[in-house]
Amino acid sequence: MSLELEGIHEECGIFGVWGHPDAARLTYFGLHALQHRGQEGAGIVSNDQGHLIGRRGLGLLTQVFPDESSLTPLTGDRAIGHVRYATTGSGSIENIQPFVFRFHDGDIALAHNGNLTNCDSLKGELEDQGAIFHSNSDTEVLMHLIRRSPEKDFMAALKQALRQVHGGFAYLLMTEDAMIGAMDPNGFRPLSLGQLPGGAYVLASETCALDLVGATLVRDIGPGEIVRVDDSGYSIERYTDQTCLSICSMEFIYFARPDSNIYGVNVHSARKRMGARLAREAPVDADMVIGVPNSSLSAASGYAEAAGLPNEMGLIKNQYVARTFIQPSQAMREQGVRMKLAAVRGVVAGKRVVVIDDSIVRGTTSRRIVRLLREAGASEVHMRIASPPLRYPCYYGIDIQRTSELIAAKKSVEQIREAIGADSLAYLSLDGLVDSIGLGRDAPYQGLCVAYFNGDYPTRLDDYEQGFLASLTPEDRTRLEASKGSYGLDMPAGSGQKINER
Amino acid sequence: MSLELEGIHEECGIFGVWGHPDAARLTYFGLHALQHRGQEGAGIVSNDQGHLIGRRGLGLLTQVFPDESSLTPLTGDRAIGHVRYATTGSGSIENIQPFVFRFHDGDIALAHNGNLTNCDSLKGELEDQGAIFHSNSDTEVLMHLIRRSPEKDFMAALKQALRQVHGGFAYLLMTEDAMIGAMDPNGFRPLSLGQLPGGAYVLASETCALDLVGATLVRDIGPGEIVRVDDSGYSIERYTDQTCLSICSMEFIYFARPDSNIYGVNVHSARKRMGARLAREAPVDADMVIGVPNSSLSAASGYAEAAGLPNEMGLIKNQYVARTFIQPSQAMREQGVRMKLAAVRGVVAGKRVVVIDDSIVRGTTSRRIVRLLREAGASEVHMRIASPPLRYPCYYGIDIQRTSELIAAKKSVEQIREAIGADSLAYLSLDGLVDSIGLGRDAPYQGLCVAYFNGDYPTRLDDYEQGFLASLTPEDRTRLEASKGSYGLDMPAGSGQKINER
Amino acid sequence: MSLELEGIHEECGIFGVWGHPDAARLTYFGLHALQHRGQEGAGIVSNDQGHLIGRRGLGLLTQVFPDESSLTPLTGDRAIGHVRYATTGSGSIENIQPFVFRFHDGDIALAHNGNLTNCDSLKGELEDQGAIFHSNSDTEVLMHLIRRSPEKDFMAALKQALRQVHGGFAYLLMTEDAMIGAMDPNGFRPLSLGQLPGGAYVLASETCALDLVGATLVRDIGPGEIVRVDDSGYSIERYTDQTCLSICSMEFIYFARPDSNIYGVNVHSARKRMGARLAREAPVDADMVIGVPNSSLSAASGYAEAAGLPNEMGLIKNQYVARTFIQPSQAMREQGVRMKLAAVRGVVAGKRVVVIDDSIVRGTTSRRIVRLLREAGASEVHMRIASPPLRYPCYYGIDIQRTSELIAAKKSVEQIREAIGADSLAYLSLDGLVDSIGLGRDAPYQGLCVAYFNGDYPTRLDDYEQGFLASLTPEDRTRLEASKGSYGLDMPAGSGQKINER
Amino acid sequence: MSLELEGIHEECGIFGVWGHPDAARLTYFGLHALQHRGQEGAGIVSNDQGHLIGRRGLGLLTQVFPDESSLTPLTGDRAIGHVRYATTGSGSIENIQPFVFRFHDGDIALAHNGNLTNCDSLKGELEDQGAIFHSNSDTEVLMHLIRRSPEKDFMAALKQALRQVHGGFAYLLMTEDAMIGAMDPNGFRPLSLGQLPGGAYVLASETCALDLVGATLVRDIGPGEIVRVDDSGYSIERYTDQTCLSICSMEFIYFARPDSNIYGVNVHSARKRMGARLAREAPVDADMVIGVPNSSLSAASGYAEAAGLPNEMGLIKNQYVARTFIQPSQAMREQGVRMKLAAVRGVVAGKRVVVIDDSIVRGTTSRRIVRLLREAGASEVHMRIASPPLRYPCYYGIDIQRTSELIAAKKSVEQIREAIGADSLAYLSLDGLVDSIGLGRDAPYQGLCVAYFNGDYPTRLDDYEQGFLASLTPEDRTRLEASKGSYGLDMPAGSGQKINER
């Protein structure tokens, strides 16, 4: 889980239920399955016959809901919940979701997973018109747009608002009489509808949450779709026809839980295929394969089986250390205090090892892993990465927004190898990634967003465009501008493949 | 980690350091590597030029030491620490260690891992002589014995006290001018001495803690040994010559971290060998091997490689759920809310799976696992257990003290198979276990305690003897009494192999 | 302090400072002097070179700011703070002030003491225009009005907004470059400007806060005034000329601290005069005078001196009991468990006592006091109230909004006497009250609001008018309608004495 | 309450009940009435059919028992409780009482108010015999003595133990079948037995706690008495006949609540008499009398009435400030930030005031009060102290153990007057004090301990004797040695008046 170690974070998980007598508790359990998507904060809003009741707080679900009494007030048979991703320092209760808005004509709760590309512009415009924002979050913008819509009907106003926000988003709303999910036109983030044995409907960021609560998948919510659940059942419609699937490939590589399925593809199996493909693309003569726990264990297993090598537990992760605020002194670090990962000397000593990791962000974790293994006696350390080099930021909801953080934006593979001290280094090819996931859709990259690897963003970048261009090397800029017409920065409005254009 | 799910717990981990400028912080990190040995409480006592300063509390290390300021007062270059095992309800701050005793002639801190068999008798005798106890713990008894010893010299008094306590124990003491570790005559619990690059000495329950702080193993502390570390270095001596190694085999099977070495045996590798031996003892025609996360993954890997089957991630553990106090309602449970373990449908559907687990306690977890896998579509579920059937309580520090909790005490293997609903079930043989661990010592069972499997306790049971005999079936009782002379309940005093006899 | 016992509460205290190097700390101390005005919550916002930094929370100041580290982040030489009044259950962090609003064109903090009469209408109108409110508080309305004002200049926009809100208010704002206080056109709530020895300016709800921080009074902020403090000093102007002083008489009777001065009148001395006047209006043949602690001790002292009777401590208040959430069982109550007040048997046994209290709300406390004194052996208990009967709600910031709670709205003085079980009962006359306070202003009731006693509200009631009329007896309604022309419900717009009319 | 401001503290309050269905709750309320005797910590131990259940913690009662659920586990119809006095820094949970001791032959809970003079000697002896102490408190010593007593019968063992401890103590014990109170041979601390309407018995440090729970006084527990309450009722006996009443005079001067009675003397009335006597002993030509709130208000009232002067509220105490951990900076202090006391300008400006305070410890508070009053415009400030100069430490339970802290130990009255800046200063005479309290007993000083004023300690000082002698001036030493024979340091053993001699 080197990504976690280096601080790339998913932005949030959402879960909602309609029609279960203990809706808040079910949401609590559903959010547990999504806790890996956000550990900064959590909240649940229940709907008791139209009355919305919320509780939210900083920290893990178990901190926000420490005991039964914390759930007791959340009565009603409908609820939505949210887990928020972890950052350092910015954590403020104002930003914890779901937000509850109370109006004289009814209450609305809103939660959000994703990132808008035109949020700043919209906020500026709205403030100039007198709007007051209470959070840093992109989420609030949607509510202002809904409330200012001239449309009288709520669904019409919502659709109009959705057409104004650009970027990646999966919204989850609870009004007095409906639960609504809405997906951006590219379907960047996963969202699935499920049904419980008793008939209640469930919306969740990942199918692992459906499984945990015992729900059956009804279907994934696709690009540009709105799903509305109320007492008459569910209905799905589209608020735009300018859609094109480009779901975040990092969900398959790192974020999603291995037991989740996205558009029918099991994440663990996709990772095994990435590992197997990597074994074929970049074989190595070695004694054993080692996966970096926990996110790279599937890929390591795929590599080992394809390579015919034993798959060993040569690295161990300290599961309890996640949330310590106490750090080793510099002297201790130099003496080798190793908090999060340990190499197992008895396994690796004297061996030539292939280490499988899902990705390299800054390179510091990889360097540490190589050093740990060498100190534990490994005779050779070959690093194999089960995805292509990360070179560009994400603007749709993953917390990598600066090119300068990415080692592969500045260095060649050989330079990276040298920096991390490995005997050899290889990455999975982009084609290898796309084929291993195997969505098989009739869309660019089979329906995946792979912009982090090749800069080919499937939408305009709006407020981020200037900064992005400024961060590029001249060659990159030339290359990306040449890609106009299929994907890129300067897309003509109305192009069939393009979306988010009015 | 089915044992964890069913509530068998190790009693505690200990860590100490002598001669490092930031001793308390180093102890904090050392305890992190031992956190799996106890999550109920933690404490650290530092020694600043003879002045002992302590902090202890309920919960995980990160809860007891939430921030830098919690370590700041623990100045000095010597410290000892303790993590305490988790039970429900009995958690009381009085029992959290290390204990600090303040006397007009100096302070002493004391921590303890293990269980005494004659604690109640000793406490009763001491109380009749006016002693007052402040905790439920076995630990305090030792201090009363030391203080009442007629010996003037502290080390002499300590040795006299150690000869009076029976059972399993690894004591760690901090006096004003020395750090002392003491092991019971059987060496039931692991304890290792290490040295840091700068020369400081470290004592830890497991070598993984030495690794985490960058220390090199000096040697394991053996049966009946006392190690004393002071400013002149370390010395090791024996307080009794009636010793016989019988280290707890459950350390190898379940408790110890896979990256620890015990008497030179790497735990992960031992587990792989148990899995491989199990594959030979109990093969099965199947499509894949699945380990129960996290403790059985090593054994599963060994089984898969020996059997030539793919090793898949068919079960996933929800790592965040450990400490929730909110439970699903009965209705939710029946609908299938699954908090801790999930089966990965995309992996197991339609497959014949071999599930490897380290042990079965009550059988409830195994039954749940079988059901999860069947619901996820597995066509056959074969359970293989990488240790022999658990049939007898432990009196030396593991929290299984009632035969009635153990399904294998009451049922045959076939009856257990039926109870858990598996297509087949097999356990590793006792010989298989002993050989796989491979201590190779010239002692019964190669130096292991395997009493949980065969009732062959390596010491008198003292206060527990009556209860143990009462819990046996008549046949068992006959069988165990017949084993007199080698191991058993009625050992003649002074026997060479026997220890703890006065 | 019977009012406190029965649940009448002031709405809030405010404090601000401009130009002191440790502004947040000074605000902390200033708020301490105002803690009696609000115990539900507290907050401080500092201004560090234009950057606003806030902290707020539920509970007392010492709970919200438990230690130095809670003040440390609030850097800067300018700050405003707020203490919020205590209610049961409604306490929600969203409503704790000061609010901080962050706009692309700068931050503004806002705190408020008072109640608007047209808040609901304004909120409805604003929501219909797309505004979103995040709190229940009246405070937020002002910010929406400011932001929607067509005026470009902030002060002009603020004045326009202030002319739209009706009722009682003292607002305190912190912009990036100024601290601003604003008073409603009637000056219902007290607000004073002071100056520290070093030159810094201070705004506070009461002069006791000026005294605590060592500031000298500059002057009280009067009806319709805005005071602006910035780096060039302070300036005061009026945003309306339709003003008429009618400061809340309850400030003199009960709320304000005895060491505060309001428009030059010392509160303690005013209370002594009320007591002395009451002694003349309603003398009684008795052995001693007893004040109900703590708020009635001044009045009792005035009564005793005027009557020539000893002033005794016959009732004692348990100062620590204020915030317990544990209540006596009904059986204990019947057995006489007395949590808050105790009668001193050694003082009152066998005596004829005159008890002075500041007011009677529901009568339950008075009944309890009479019973306590009789049980302690008092031979006669004469109750004297140092204000007129409370018969009408307050709509300007005191938490008595329902006539049905007021015993004097439904019962005659003789009926109240019977209900509370006193030997005699008398209230201070309205003239007696007005003269004792002695503001001596050329305004109705010498510049006091006495509507709680006679229903003569100095403004329109706006959103409350319907409810108020519905709560009246027919006679009362006739009487109050007859008072039109001087004060009342149906005032012609533009009348010289009237204010808040556009 | 200048004593509180300067840090003299009572050591603890105790409360117990036998035979009430909700004993822990009743104890909670009883302790509320005693909260003024200790704010550092609190605890309650209930006895449910012989099973003792305890809860204790740091802080106020409302912090230790924050809600109903904190009392719920304390079932049973018998309970004892304790509030512990406040000191800075030394607060440690180990020292919070009641202590619960669990023995194989039954549980015992123990609480204590007082201080032993031979505690250190006893602890040293006991440790040499192997005893282990877990707290700093004097309390534990008694339990060790009981357990080591050769007496088989508990009451006999207790009496033997009580004869070994010297000094001031009121012990409260709960065994499985009895509640026991024990008083030292001088009756230094107050303790009263009461009875509830339903028949239950109550023991409390002050009668105000009896009043709060609705109990009637049965009788005070006198010197050398043991009261035992069990299901057969209560019995009182003496464990020594070497008794002589010398109850702490500071209870009357400062500690006890004004509504308490001690040996039939109402504390408020005693204080009024001290004030009246002081008016006669030290009259002054002035405009008004001002009491220092809260403890000196009774004395001020007595002074004013005797002097024919108005009694005014010229000083006000900030009741909320008690527990802040945030302090004004030095600059703020110099600028006049006044946290705890404020002078009321409107009352004192231009007036000649007599300030009544109960005592002067270091003089810092008096100096501050004089300055506050002068800054508020008082033209003359005359300080009158309603007790004699404090010159000697207390060794029986009041936290003044160093002569060097006492301004009157080093300075004459005129020097103190100069130091505090008053226009005049006078103290009540020792005879005035003794007569005003008016116990009227046939014992030295009518049964009061007045050693703080004249050094005439009613017992040997044991472990403190050396330090006390060393702290004396040569003259004092000569004077005190001359007083041998009546009271003093060198009393012959067995003297009729003397006690605590074996």
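In this document, chain identifiers A, B, C and D correspond to the written order of the chains, with residue numbering beginning at 1 in each.
The working rule: contacts are C-beta pairs under 8 Å (C-beta built on N, C-alpha and C of every residue); 3 or more make two chains touch, one makes a residue touch a chain.
The chain list, named the UniProt way, goes like this: A, B, C, D = Amidophosphoribosyltransferase.
From a predicted model like this one, the values you see are computed outputs, not experimental measurements.
Ranked by separation of Cα centres from chain A, the top chain is D.
For the pair chain B and chain C, the distance between mean C-alpha positions equals 64 Å.
Put simply, the C-alpha centre of chain A and that of chain C have 51 angstrom between them. Interface note: chains touch in the pairs A-B, A-C, B-D, C-D. Residue ranges on chain B touching chain A, taken from their complex, read 21-22, 25-26, 28-29, 32-33, 35-36, 39, 60-62, 65-68, 70-71, 196-198, 208, 211-214, 257-259, 261, 265-269, 294, 297-298, 301, 305, 310-313, 316, 318-321, 323-326, 328-329, 331-332, 335-339, 342-347. Chain C contributes residues 93, 101-105, 123-124, 127, 129-134, 140, 143-144, 147-148 to its touches with chain A in the complex.
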